[in-house]
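You will see two complexes here that share chain A, one where it goes with chain B and one where it goes with chain C.
Presenting the complex of A and B:
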């Protein structure tokens, strides 16, 4: 029924990807919605695993009615066959596939299946919409690798998805709008939140007041969080920062200190707070690897888009936090605009204006920009990072070695620092340590070409492009078997996973499509 | 209050898996990381270089700090892999391979 319809692959089923899928599918496009997670929703709408039988999942969520609308819309399109959802599909690259005999020009999305990620499938589409969101930035401090120190979003994700908490007593720290919901959610779930430590200086608020007030809904949301903090008696420490985490084998306490007007720690203000967990974050970073693999322009760390959310590569759209951090409401609006534009363009027409969504987008972007001026990590955070602090968690590279690369070996950019120290060469491909290495060395944080969004088993890399389990529109899954959950339990000792660094650093060794 | 009560969870029947041979009960739907946190276990790997303990950091599959061996397969991300009855979880040293 949808056979003749143009095909759009939407990567990411968070607010942006869902809104985009619904908008495009409603306009005669066949959408393949691909996501690494087992269920749709993304970070904001992450819900408890179904086996946990949550009767009141909304207790951990804001804007539950938005989720219900998205969920119903998705269900209707799944039923009608206009959207196909491929959960548990980890996309490792997207390539432009030129016109081949008998094939339409377009794109091939390569995804590894299931949590084991050993088998790759290819999904072909006429256009691609990137809605991959972002991940949390954490700047290092002594002790940040101790078990019990987790990202603020990670604590939230474990709570929302697994209904578990990292300890009985926690400190929430860092900077950014995510800390408030995390602190209130942990407190509601029974964790004693010993402090919410924010480097934010409330004296900067008045300057941003205009833009902040332009989003009255947001201000009200902020006030609700604040009220909840009060109710749970969470002490709020603005203009403070965590300078150290301590413990034998796991976190036992953090040391916090006040920040002076110059952004430096005020000597003598240090105090120790015993805790089992520290949920820490300093903002978010967009996922841009798929866009980079496609050759899309990236401005700073954001995928660059026009008013219709088009990237500069024809046939590739981007929406949500991959184009800039701005929260779920902005992601929804951008997704909607992108989905409408993709539908119109694939039908060979121009999109009619989405005035409402465009207004929300303008307002939400202004709000996000204002938040950016308020929430900032301490200016001199690097002063606290002792030479023996591990900066690259994967390769265990210390701050001392990173500094030496610049002072003794003359490195002048991130790439050289990386080659000299191995910082950023491990499993996470530098996603976690990049902002820290940039800050410690004074090098600019530029998009690093991570050609593969996921470490890929070498065998799959060799097969990809030749003919993985190729199929048009990704619908080769045996009927009745949930996509992405195939034979996960079968253990095949002959197929050792071969994920290795070499697979990540030599993407060019891959066979070209024949 | 605890997280299960907060959302009025009525989980399915727990099943048994092992952590280094020790039996632990797991609620259905939980990942390796969630099951271990529920047991109060926060680290299950030691690093290749200095042998330091690690567990969950990012919680969403980005950082690879939570690597663990499940059913003899090393380097699985504990925060992503859901458990099934009878699964054998092993703490992991270094690369997880016998080298």
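Presenting the complex of A and C:
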């Protein structure tokens, strides 16, 4: 029934990608939903592998009813053949393949089949919607590479996906709206949370009060988390930061200290907290690699979009965290608007106004901007990073070498530091260390063009998009699964932090916009 | 890189040097290059003479800095896939030998002693022991530091100042004026733009190239290995895409794969067709690479002049202005010789090589 329907490739099956897929499929578009994970939902709706026998996965999630509706909608479209879901597909580039002589105008999405990622397949589409989410930002400190130190999102993923906890006694630290749910989820799972260390200065709150109050539901959600923290007796340490993690071979304790009004550590306030795990995070960064390879404009670190969520490259839409970190509710609204717009434009018409979703988007963006002014890493965090602290873990580049490149060799930006030290040249291609290197260098974190969104075998690169791809040409290469068949719900063992297309899970209080 | 070398040798002549760049150190083509110091791809003539001079100077610099900029005299191996290709390659090598290049024929059955992972069935090769590699950004940064020159990065030259008699008396930047009796244009691919600020034309054009970088590997590619048709591509005038596989291991572990050439202006967008050709060529030469992952790819713009020779030396149209740009894909290799020649001219001495073939005013005005 989809023969002849315009084809939209949606990349990322988190809240934005799902909302977009449902909106477009409901409007006569054939959607190919391509995602790296084994099951739809993204980081926000990550669920335990079915083999783990979780009886009540909803206990680890809020907004479970929203997820159930998305899941039911997806199941209906899979059944009807209007959405094709390609899980375990790791997209490494999107190519504009037309209009070339003899070729159909449009796009080709190139993806490696997971978890081994040894074979690449091509998916052709008339338009592309990027819902690639974001990834966690973690700033380094002495000892941050010790086993036992995990990212806040990593701890959450362990809980949601594997029903495992990172240790019996944990500290949650950093800055950002993710820390609160992570701390409460760990506590609820039986972990003794020794402290929630947040560099946020509550005295900044009044300045953002207007925008924060515009989302009373979110404030209520925040209050609920705070109440749960109290119930679990989790000590909350605002205006504090972790200055060191210590241990013989693995984490045994962290040292925390209070921050002064100037953002510097107040001498004499250091104290040691024994723990087995440290979950640390400093917010999120959008995944923009695919957008950049397509030539889309990027403002700062966000893919730039118009009111319809269109990028400046015709035929390319973007929604969710990739256009700016804002949480699941914003991602749902943007995905919905993007899906409607893509459907209308592919049919050659203008989209009907999506007033409800647009209102949600406006408010959620304002809220996200207000959060941004509140949640900031300590201004002088880099002072705490000793010269022997490894900053780039892939290439084992220390903070001292980054500083040398700046003071002795004249580097003043990310690219030059990378060239002179190899920081950011390794497996993760700088996704993890870029914020840290920028901070140590004293420059802005400017987007670094990554033309390959993930490592790809040269043999696959050599045949990508070639005319002889008969075995995987078109969209008929879904690995042996009829449309609508149950998805595998296996945990992806190969998952690396840098590969998570995760949505930030800060409080949301509204239903999916419609 | 060329600017850094000019600064180093000029400072050694006792001159007071300031280096002005609108970007950071190695921010242009230097930071996008592979760091080849090659004689193997050059036919006898002025460019080869400059390459041989530069190679000697690089070896001198390496005595002090080898580790700092990953100097590695690993040699090049040029392979031919057919008997006809091998005959042409050996004829080419014979001419190079006469000009002072070390070039040793390698029979097909000895090829795998040199490079055990090469594809089977190749006709033969020529080994060039003088071919060398450096890490270009590190080389530029360390030579700049060694020069002791004043480094003004993030300063954009907006005008070349000329006196009443027409002679150059410095530059104006977006952050103020710098006065000097001599200005060296080492702006690489953007050398034409700087020349025009002085009111002269120099037809430097960009020739885009992609490089693929693999995951770090134990050393499996020992030399710089490339196919014989690379030489023809380097010398070609075509604007169309050309790729010929150039494969080499690096001190840091990744294998670098080039080389593509196309004249598409300053287009910075990713081109899958180009990168696909690079990957295909490399896996033909080294089949094991098919399973090795490419981590990233980057592009750069070679500064190209119509006759494939750089512009080196004083510009009679603007007394006090010297050019040191347009080295196409050989700028890292040729930088040391270029720097020394420029420094000799600045010091009022006779340059060690005849600069006539490199005259900046050798192009008819209308080509600009």
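Going forward, the second predicted complex is superposed on the first by the 462 of 514 C-alpha atoms of A that agree within 3 Å, B and C clash if a C-alpha of one lies under 4 Å from a C-alpha of the other, contacts with A are read in each partner's own complex, and residues count from 1 in each chain.
Heads up, the rule we're going with is that contacts are C-beta pairs under 8 Å (C-beta built on N, C-alpha and C of every residue); 3 or more make two chains touch, one makes a residue touch a chain.
Because the structure is a prediction, the values reported are computed rather than measured.
In the superposition on chain A, A:164 makes contact with chain B only, while chain C stays out of contact range. After overlaying the two complexes on the shared chain, residue contacts for A:250 are found with chain B alone; chain C is out of touch. The wider contact with chain A, measured as residues touched, comes from B rather than the other of chain B and chain C.
In the superposition on chain A, A:431 contacts chain B only, with no contact to chain C.
Of the two partner chains, neither chain B nor chain C is touched by A:223. Of the two partner chains placed by superposition, A:379 touches none, neither chain B nor chain C.
Comparing which residues of chain A touch chain B with which touch chain C, the overlap comprises 426-427.
Looking at the complex, you find that chain A touches chain B at residues 36, 38, 43, 48-57, 59-60, 115-116, 135-136, 145-151, 153-159, 161-167, 188-190, 249-250, 393-396, 426-428, 431-432, 489, 491, 493, 497, 499. The part of chain B that touches chain A in the complex is made up of residues 1-12, 27-31, 33-34, 37-38, 42-43, 47-50, 52-65, 67, 71-77, 79-82, 84.
Partner chain C is touched in their complex by these residues of chain A: 93, 95, 110, 118, 293, 295, 405, 408-413, 415-416, 419-420, 422, 425-427, 429, 449-452, 455-459, 461-466.
By the touch criterion given at the top, residues 24-27, 31, 137-138, 141-142, 144-145, 151, 153-154, 212-216, 252, 254, 257, 268-270, 272-273, 275-276, 279-280, 282-283, 289-298 of chain C touch chain A in their complex.
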